[in-house]
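Note that chain A is present in both complexes that follow, paired respectively with chain B and with chain C.
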Partner chain A sequence: MSKDVAKERSMIIQKEMIANHFMALSTAKETGKKVVYTFVPGNISELILSFDMLPVYPEINALQSGMRKKSGDYIRDAEQHGHSEDVCTYVKCDVGMMINGNIGPTGEKIPNPDLLLLSYTGCFTFLKWFETLERLYPGVPVALLHTPYQEAHKITPEMTAYMVKQLKEEVIPKMEQVSGNKYDEEKLKAALRNSSKVEQHIINIFDTTKHRPSPIDAYFAGVYYIGPINSGFRGTPQAVDYYAELYKEILERIDNKLGPITPEGVMEEERFRLVVEGPPNWTHFREFWKLFYDMGAVIVASSYTKVGGVYDMGFRVNPDKPLESLAEYCMNCYTNLNLQQRVDLLSKCITDYHADGFLVNSIKSCNSFSAGQLMIMQQLERKLEIPIGFIESDLVDPRYFSYSNIKNRLESFFQMLEQRKMIINRA
Partner chain B sequence: MKKYFLGIDLGSTTSKAIIIDENDNIIGRGITNTRANYTVATEIARLEATYNARFTLLKMKLQDEIESRPDYKRYIRDVESVFQYLQFKRRLDRLSVEFRDTISTTFSGEKRDAISGYVDGIVSRIGPSVLDEFLTGQLGSKNQFFRDIVSERYNKEIAGLGKDFFEPMMLVYDKSITKVENELTEYDFRELVDHSMALLNDKYAGLGESSSEESGLAFDSELNLLKGNYKRIYDSLKGHIGFVAGLDIHITDMVGTGYGRALLPFPEKSIRSEILCHAFGAHAVFPDTRTVLDIGGQDTKAIQVDSHGLVTSFYMNDRCAAGCGRYLGYIADEFNISLNELGPLAIEATKEVNICSTCTVFAAAEIRELLNVGQKRSDILAGLHRAIVMRAMSLLARSGGVRNEFTFTGGVARNQAVLKYVSDLVLQNYGKDIKINVHSDSIFMGALGGAMFARRNVIN
Partner chain C sequence: MPVYFPREIIHAANGLAVGIFGGGDKKLILKGDAYYQSYICHMPRSIMELVLDSHFEGFDGFIFPSICDVIRNLSGMFQLLEKGSFIKYLDLPQNFKSHIGGEFYIHELQTVLNSVYKINGVEVTPARLNHSISLFNRNRELIHRIYAIRQDFPWRMTAADVYNIVRAGYVIPVEDHNAILEQVIALVSEENGEPLDKIRVLVMGAFCEQPPLGLIRTIEMAGCYITEDDFLLGSRWIMGNIDTSTADPMKALTDAYLEKSTFSSSVYDVGNPKEARLLELIKSRNVDGVIFAAPSFCDPALLDHPILQKMCNDRNIRFISFLYSENTGQFKVIKEQVGTFSDSIKLWEEPLQVKK
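On to the complex of A and B.
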């Protein structure tokens, strides 16, 4: 890869934020801060921060290990530890990292957990993951927040009440016990006010893909954009500043009619606009991205950037109802939507952002995403008559990224889109 | 000058070439299984397609005579068969040289002499028997490869030799065949056609004196006519053949597709994905096609197309090639029969043995197990064919199902047993009203689509 990768100002800010966070984690023992391990989907980081504790997200560590080419060895070690080939590779990568001293992406040691907060139960693997962590860190307290699935296309008042009850009776008491601090609702409300601003910024940012050329790539760059909010900065003033700066930069790009920034500079010509479903592959992230920007394909929306929370359909946290907001936020994350809701959301993206095609990257490891993708594809094809593409890879297991297979299918997909454009233009 | 367009499909197992005219009519086909490299493969397929095109043009030129006179038609057919045989014979001669080479460098003393004796005998018997099959069995139209034709006969000959010689004889064959297969042999069309006609005239001349068995020609009414007429037909044909031999088959544009496409020295507009080409080819031959199933050497594609032949979605096997052509090749090896014998044997089955393995390698172990417990070969084969089709059905389902009309393409579509199960299962799962199309040129659909794209490149 070329050394002089093009970077936006906000990327530099983000890098500092993340570095500071890992620095705080590595010195947690000295500063006496307690550490909570939790997950990205529906992460209630505001609550963790209101107790002055620090969050750790094992999935983020796993994807970072994947990008830094360490996941292959970690997975091998986890498999030697007894995890089978079919187990989610995020889990195995995380377990492998812990076996090898739990050194995080910045090279600093990640402290052991003082609390395991299982905030999203829609993914069954998460339950098993934390059971494994519980064995690796004997005696660590576990707080379980059961998240009801949006089976009937909506969140009912009973579902919210059920979750608020768990927050009050299970999560908050455990946090008080571990942190030694009392629950401070004003502090939580202040954090939620920040979150609410950030959520609006995020919506504005991802909405800029309406422009032609799209000023951003909502998948490959999008995963960087959602970095801060999904790795410790929900509810912080830094997040508000970061997203304000990012939005400002993107508006400048629009004024200058600039396309998205890729690792090799600004994309010159926008040839295809795509909506992508499913997480990216992390082990070959650059190669994977290059397959798209080389073809002039820009992603105008992706479901993966909604993995932490979905704000497209109008949801915002309400600081006046803090616990209810946290509950609804959790239940609103992308993989907690039922399949019909996902189809509706994706079809809104395809229409609003004028996509030429819809592509699924089906991930071997991830049932939360992959189950139902064929049904989603067929429904979208029927409903919108949009060309559909399908590729397969994995999150962080390098053995499951076949460059030639993916290239072959993408080439066919892009030629298919081109042919269709020619016909439409002629007509 | 007339314009012609070339499509090259460099598949995982075979390379195909198609030449079309300005009206999308197929006039030439060429195919090779050489594994030399894609440049050689392209040349072999292209040359074969060009020879074939000359015969097609000849037949188009003489359409009236062919339609009104059966002896005329027969004569041309026989010339083409002998022409194909002569190509085969040159390769066989090359193989014979290679055999001698291998034997002299691998063996010594009495063993060498004995092996040489066996091999010479086999080669001398293969030649005439194959000529007979080209003439009477239309071997040339079956798209069989040199390797298949020779190995089928070679294997039969050495089957009875006993184990002292069986292994060395196999070694000689395996060491020699690849070189010959990977060699590009160019022929002078004119010279080869003249030679073919001379051979044929001798045959016809002999018809009066000998029985049909000795002449290598089955006796029938067309031949009866030819017996007295061949000289006159020959005289009138000579000029026409000279004309097509001298024709410049000018390729105006070409498009390459298939796995090797990136290696072709073609400009970007001349490289197309095989998904688009297969769909386009299948749609050209059967314009009401909406779903295409293509089973090739190493992949299976389920493609949905719209009324213009444009792809709307596709689905391909990933990570595992069980259920493709190579699976059949592997199974044929396990049963020690040729690929062409698989389908017919499976059709004879009285039941289908259930094959559990979805993996090619495991299936081989399962076959041995089943043979050990006394299952019949044909029944096992029927089960294997069904297993392949079940995989294709799952792919079809994932791609969005089968819509009317359904066109089955790829090399595997020539296997009668696969075709039977595809038909049965498509009708069973998607309704009896689905029309199922299979074309005798099914293996050429990708190359045809490529040639059609080439023609459109020029128009646009």
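On to the complex of A and C.
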């Protein structure tokens, strides 16, 4: 493992972008900017930004609390306020963070919401989460955008029409009321043009894992790559610049036949190529990642990096049909796909990126991902005859991260992959 | 599947909508556990056990109303298993405006009817649908009357008996169920049994995965009369009658869903807070306390509890809370907890005075 861990330019750009966003949030009351709480899947940030409002994503706050080792205390505090041990830990982490002053990752207070935009896509718990937030922030208006599930493996005109009507008659009027600005479709179209470029960059970036060695890790590093588009920068020129720079750097890595960057430098030997289903654990993110790169395992595709939008099947936002496009974007997020579509997408990833194995990180908190995963595993095993691994952890509850259990299971999985490679090579 | 589906449309299409509520405590789970992690609720694994043991072979289609992510993904599992002629995840609208959520809902219902039509060729005319709606109107009226009698005379019929009688309506034609309900009402309209020194409680949280009968019996044996609950909530989902005089009964059904739905953990309550609706129910049923009994790992029910319990605390309403699963078999701890709750109210508390 190379120990050269100098930050690349894209990393520095991203850090500045995120810091500036949190700075803008912390000074929102002084600058008069209105603040909208919303979610990552189906995040219609272009619309929020077109009203000159600032988005806040409670899941992002929760995962950052997890990475900063604060989530355990926050969850405990939420449980002391009556929340059950059994429920989503993102919700409890967010409630605990609010109880403790709502201090964000930069150490500054995240402002209270002026609007709760419940754009819920692929996760029913989002509804419950905002019912809780509505009570924690009494009087704050709620704009609800119900995203129909792709139960019939497709988006129907009726589904799109339902969403567009909600946007026109529920969401936009509330945004106008809260922001004091009129809906500006040209501004929205301009933002969507940026999003379309970014979506193409994202596809190009994650498609580079076809190379050997893969120049990137599409899960552990992938979650950083999807950071800007999922944390307030959809539709911005900064996002276009960031993803252009990131793609350029990755192409350079390909030219230099370099493997992915890890926290301990460049991974030098690629031994296993995996596709991973499910979100990562955030409380022990570095230890978790190390279990993989120490074994020479690189993730060539992951479902989690598609949680804020799936572009693999050709979808791009269309600036000429802005509201229809926002609706279809929401309906195309990964957890809004039905199980057959998820199996097909994962199958495509395994095949296109020449994966040696498929691994599920089953998250205790997240039924949207977890319910059905065992059947997805069966389907893929049967269809592709690919080795399957299974581990369990949680998003932000440190009590559910068992290092030794995960390590044991991964070691067995890697041994299985090794033996299979030996057999294939002999044949 | 739970919670609510307008069974009227299936009846009008000459079909029988059968309620599937899991395997309860009767079905040993062997295969179902291979499909679900330990931290997912029990009902979907028993439904998988039932389907894999071929209990549903005679069924033409499966409808999964939107409740939560687990049931949503269960619909996908049924699709992968290719069971029945059609599988429909019914996305109940969370928008309650007629021209927005209402239109979407009508389209969802029409999709179901189209699938049924392909099977039996029966066209649902307004007359047929109005007739079906009137039968289910009657069904809800009769169930409400039973609950009303139980409120005044809870000793005449146990909560477990009420539960069984209501649940029977999910497996037999509504005409037969109405006849049974009428007989039951005639029976319990006359005095029988003796009132016991029990408190009256409302049980909340069981809207989807049903409690085992033993649990319902345990609560009553431990010193409570259950005079209100959210068991089998779909049977009482629409509050009041649906208009049967219209030429567009599909719209009438839709308007009823939009305007007359009860509150539930599966519906967002913008502008109609569920704690306020629970409070109204507590007052109208004149209960002494609330028992929050929810299935383990049920996000919708359990995420509601802090909201509802805060209201209870603020209003000086007594409550207890515990978890169950549909196959819970040991009730000793619950009996002690409920017994203590009941005793504490009977022995030490004044009758409930809900704070304004």
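Heads up, the rule we're going with is that the second predicted complex is superposed on the first by the 420 of 427 C-alpha atoms of A that agree within 3 Å, B and C clash if a C-alpha of one lies under 4 Å from a C-alpha of the other, contacts with A are read in each partner's own complex, and residues count from 1 in each chain.
Here is the rule we use: a residue touches a chain if its C-beta (ideal position, glycine included) is under 8 Å from a C-beta of that chain, and two chains touch if they have at least 3 such contacts.
Here the structure is a predicted model, which means the values were calculated and not measured.
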First, second, both or neither for A:V343, with chain B first and chain C second: second
Chain B versus chain C as contact partner of A:E411, first or second or both or neither: first
Contacts of A:L54 with chain B and chain C, given as first, second, both or neither: neither
Which of chain B and chain C A:Q419 touches, first, second, both or neither: first
Contacts of A:M97 with chain B and chain C, given as first, second, both or neither: neither
First (chain B), second (chain C), both or neither touched by A:V275: neither
Contacts of A:E381 with chain B and chain C, given as first, second, both or neither: first
Which superposed partner A:E392 touches (first chain B, second chain C, both, neither): both
Partner touching more residues of chain A, whether chain B or chain C: C
Doubly contacted chain A residues - partners chain C and chain B: 374, 392
Residue ranges of chain A touching chain C (in the complex, touch as defined): 81-84, 86-88, 91, 118, 122-125, 127-132, 134-135, 142, 144, 146, 148-149, 151, 158-159, 161-162, 165-166, 169-170, 335, 338-340, 342-343, 362, 364, 367-368, 370-375, 379, 392
Residue numbers on chain C that touch chain A, as the complex places them: 34-37, 39-40, 44, 66-70, 72-77, 79-80, 88-89, 91, 93-95, 97, 99-101, 103-104, 107, 265-266, 268-270, 274, 296-300, 302-307, 309-310, 323
Residue numbers on chain B that touch chain A, as the complex places them: 259, 272-276, 308, 310-316, 318-319, 398, 400
Partner chain B, residues of chain A touching it in the complex: 374, 377-378, 381, 385, 387-390, 392, 400, 402, 405, 408-409, 411-412, 415-416, 419-420, 423
